[in-house]
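For reference, the structure I am asking about is given below.
Naming follows writing order (A, B, C and D), and every chain is counted from residue 1.
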């Protein structure tokens, strides 16, 4: 396992996950549909998770992978809450387009 | 550690209490339990220790702040009883959520390991998401919850990325280890980037410019109770954590970073105050004032060595004043559809006591002597000048002058306008909480040593 | 002992004042009048006995009462100085003062506020005494301002009439202008010599002085003289005195003829050792005095209000006195002050008696032929008029003649000016007499019906003063020169006697001839032709200018009052608001920014997140990419 | 037995007044303020007999702040001014009735407490705390019990508050800076501090901003007239009688000794500014239609002269300034009270709606007259002593200052007499004007007696203040 990492080099993993992360960010920035925004956030988190794993291999220590479980659990909880909110929003305004949420401003 | 466990236990108990249908008792029991926990926490003050190979580190700093959080939570819980009495079935949920939120915050000031920190911040945030959106049928509440959730989880993502980079750079989640390593040379560039990302995430939590946009909307939309929680507890927690992180990960600030802090601080206070001037909605106004206070607190980071004391004092002063003012605001706007300043017209005549308390707390935020807000600001200025950043202080002073403008808008409304409606009798709990909070505020204002001596 | 007596001398009128102000309303008018008069009389007696004492041992009496003000380089104690000069002054101040009080009892008898009137008169006498006996400049300044205050109160005595109040205000403020000069003078002297005490100053000035000190002295003397100009109604500050005639006639007699206006002369004489050192200032004084004499006299030529005429004659006489001072002949000035006090007081009281007889009529065009109606008044006034005109052997002749002599010795032009002034004096004084007492009455019938001689309380003072006006010159007759000898101790430089040589006699003759010429001129115009001055509307040409007092008041209004008021308006309306806006513009700016900022907070999550990301990128770029 | 007892008594008085209920409030306040006056007199005697009445104790450890009250002659003089004027002012207000007067009088007492503290405090931060505390009560007094249109009043009062607070916050920065240098706020330590020229310069001007606004010196005076006009007369008296003196006192106590070199450097400018204030105030007062505004501007002129005296940095200037502070304190209170009396009868402050009062009230007229004369510094009144000394000190600096400052003698007489003439004299006013009641008369008599007595015999006060002024001067010149 380790030698693969040596062959490929840790940087590439970083670049990859940064790329993923940025994709997530752009998704959050440019999509108006709440569900897709959630997914983009998930992409961000998972990009980080990937990097965690890579690093944990790189450092030859398990903590990183444990942390991934943490973050997954947390992400799940987060999304659960998020979806709940989304549902109630949908009930109230009948749309999940975040562009409609502009009552609070000024 | 015991604190954390006890709090979580209490939270669970509150959840179960619903099953055994102990709604009436719930609030007092929770409050008493928290009091007991407060005692427990304080008993740990003199005995620093670390648990579960440094997952939790208990020291003066963590104990002091935890106690502050617990006190604030007691107040908030006490208020909740009356606030949620129209939907009793949910009351235990609300209370337990608040207590879990407290658990999160305690974790955030006493973590010894980044994973603990991450868990803490997530517990805190998620509870807040729920509370913000808790008024299901109210569009404003929904919107607030949505906004807070989206931006919050975005921020968590960034924090997580930061943590990841730090881990990648050091190979540890343990703060002590990271701290030692960070002293040495040859740190890959990811390390500072990671720290920067974490700090940015925290700046978002304390709503410092330019990451403040969510605050006014969320504060306005959320139920007043939640706004109170956010503007007092959440902000204080985030600030304490930010300090703790910086102190461990970046003990010596490079001039570049200092300049950055100066900019953020000045930006936050200016934006906050200027925007607050033209607000009609009290909660929104306090949101902006909170942003400006965030600016002030960030200022404390310029003198890291003394920052702990200053921050403890400042946050205590700010949070207590906040609790007092929110107790009044919640009562006044309880059965109103909006929180406009006009609701406060003539309060000085209809209810002198509440008016006096609100005035006092506003004066404290404005930094007028004998209220602790004054000493808080003063210590901040003194330390910052010692650290050689006169510009920030001057900017801060100018901002305090501006801030008087909108704080007094409220006071003027209370004392010079004619009352629109007769106020019903004030439930005891509001008065009690408000009086206690403002008294505490004044007490530490007159004897600041009570607080300042804790951490030195 | 002396201290107590001196205090009695000083405070007795003050006691009268207190009594009249607090109890005057309760007791009957005569009582309050009597009290007022008696208290002044007491002071008079005191001054007499001090005078006698001084005549015996000839040494001045200095009394220290208590410490007053102290500044770093000197202390000012509240002390009295009773020397030749102050006692001389005291004598005629209190003497004439008590006469006038006596006169007022009857004159003011019908006024509801009579007790107030006496209270003020007493207060005035008190302050005048303070002014005279003070042993340092600042105590003198108390009296100096105090008499100003009293003249304010008394001019505005009939306070229902706002014109009178204006006159009073004008008097006070004009005096204040002088007082500022006085104060500055005090400062200069004090800082130079670390004392304001007269005797110490005299000693200090005796020593040899640096050039700088001399320059300071010049300024100090000038400032003091400005003060004197204010008090003694010299150019350019004289305009308040004629207006001051708004007050009751006794006031005009006491304050604006006999006593207060001579304070300036008193002060200059007190400080003679200073003025002797500053010839430049002396010249200025002389010139100012001469000019004042001429201008005032010329205005007097055409006035129709009987009191105005007297007022202007007072101003011009004061001018003559200052001329004498300017020539360094202090004793001569003092001499004239005294004689002038006699006959001018008499004239005023006489005019008062006339006005009394005509129930308040002051316009000479409505008088005439009063000779038969009020003989005593007529004769007493006649004597005084001859005196002021300078006819041998009346008191005025001697004093004025000495002034002219001094002026002649000093400078011919001044002499000519002074002579012209005195000729004019003779003319308008007789014009006054003729218009008032000769020909037939020009007033209304029922006035004519009520014509009567005034009661004895009024006539007695007249007679006494007339006698003094007749023989007053005796105190300094050319042979004896008693006054000169008497004043020698207080004068720094001896004033040399001039034995009556030929050209002294010549000068006397000229002066006399001038006076007679003036009288004849008036006679021919007003008796022969029976000429009566035209109504105001008909007056034209240069005489109109003179009749309107050379438009001096208008000039002052235009030059000072108006600009001041418009400036005030400008400040009040424009500048104040501008400043306010300027200061609080800060607040408006902040509010404006706030309104703009609200637009930024659009409520769109997209924007917020965008700002967030921008923030993150900005920070990272700044920290890690930008070097 | 030390000066803290006065403070405690006043504070207790404030609380007692609050709980005594609306009926008794004024009486209780009067009793306590009189008690404070008596107490300060007895303390003064102790002080004059060489007893030590200062007090010092620890207050805060970080930052190191002490509970230090230094009562030297100067401070005691000012404390006496405060404790003497407070009962007078309270007593003078017996003619008015305020709704919920307990709050009103409690605030008055509290303000008096704060001002006394300001005069006594010998520790920078303590001093600042009192300085700010004094601001709160007057704000509410003017806001709630003030007169005139509510909106306008709100604006004026808020401006006043923000403006003064802003000024003092800069003073706070200066203190913080000094603390970072000296690690102590104690007066002595701050005196000992030797700062570089530039440091002194900006510390000096930070102080100056606070004081110039409080005093006020032009062009920082714009809050004054409106607030004086809008505030209830009691508030106006407190402001003009005592609070202005806080600023002037602080100049002497704090600003000059802490930054002496700067003071010396900028002396001409500051004196010039102050004297400009004298002339400006007098000229503006000339055409004022509103009696209270006119008095406000007159007091602007007078304090200008006082400030000029302070900045001469000479003993004469300082002692003259202090004397004038006391004299002005009394006379301005009297004058505002006269205005109040007219208002009680005629419900107006417009001068041209008055007039013809003298014929109806000889007593009131004469007392008003005396006050007017005192305020134009007629010799024999206390004001003359002060004004003379100040002008003399100015003439020592430069005779032109004395001449320009002296114009107040002329202009002051002009506008005051004009005011008096238009408000009191003239044809009898149609509206009836009741003669002053005995209560009102007492207030006047006390003030007048004070002014006349010390006008003739100022020695006691001079002897009281001179030593401490000398001490301060030695600090300035060393």
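In this section, contacts are C-beta pairs under 8 Å (C-beta built on N, C-alpha and C of every residue); 3 or more make two chains touch, one makes a residue touch a chain.
Computed from a prediction, not measured in an experiment: that's the story for all the values here.
Student: With centres defined from CA atoms, tell me which chain sits nearest the overall protein centre.
Tutor: Looking at where each chain's C-alpha mean falls, the closest to the middle is D.
Student: Pick the pair with more C-beta contacts: A-C or B-D?
Tutor: More contacting C-beta pairs are found at B-D.
Student: Between subunit A and subunit C, what is the separation of their C-alpha centroids in Å?
Tutor: 99
Student: Compute the distance, rounded to whole Å, between the mean C-alpha positions of subunit B and subunit D.
Tutor: Going by mean C-alpha positions, subunit B sits 43 Å from subunit D.
Student: Could you put a whole-Å number on the gap between the CA centroids of subunit A and subunit D?
Tutor: 67
Student: If you average the CA atoms of subunit B and of subunit C, how many Å lie between those two points?
Tutor: Distance between chain centres, rounded to whole Å: 78 Å.
Student: Using the touch rule from the top of the page, what residues of subunit A touch 2 or more other chains?
Tutor: 28, 98, 101, 103-105
Student: Which subunit D residues touch at least two other chains?
Tutor: Residues 162 of subunit D touch two or more partner chains.
Student: Would you mind listing the residues of subunit B that make contact with two or more other chains?
Tutor: Residues 146-147, 150, 154, 216-217, 405 of subunit B each touch two or more of the other chains.
Student: Give every touching pair of chains, nothing left out.
Tutor: Final set of chain pairs in contact is A-B, A-C, B-C, B-D, C-D.
Student: For subunit C, which residues count as touching subunit B in their complex?
Tutor: 587, 590-591, 593-595, 597-598, 601, 603, 605, 607-609, 611-612, 614-616, 618-620, 622-624
Student: Under the touch definition given earlier, write down the residues of subunit C that touch subunit D in their complex.
Tutor: Against subunit D, the touching part of subunit C is residues 21, 66-72, 78, 116, 138, 141-142, 144-146, 149, 152, 156, 159-160, 162, 165-166, 169, 172-173, 176-177, 179-180, 183-184, 187-188, 190-191, 219, 564-565, 567-569, 571-572, 576, 579-580, 582-584, 587.
Student: Can you list the subunit D residues touching subunit B in their complex?
Tutor: 59-63, 125, 128-130, 132-133, 135-136, 140, 143-144, 150, 153-154, 158, 161-162, 165-166, 169-170, 172-173, 176-177, 179-180
Student: Over in the complex, which subunit B residues touch subunit A? Could you list them?
Tutor: Those in contact with subunit A are residues 115, 118-119, 122, 125-126, 129-130, 133, 136-137, 139-140, 142-147, 149-150, 153-154, 156-157, 160-161, 163-165, 167-168, 171-173, 190, 216-218, 220-221.
Student: Please output the residues of subunit A touching subunit C within their complex, sorted ascending.
Tutor: That would be residues 25, 28-29, 32, 98-99, 101-106 of subunit A.
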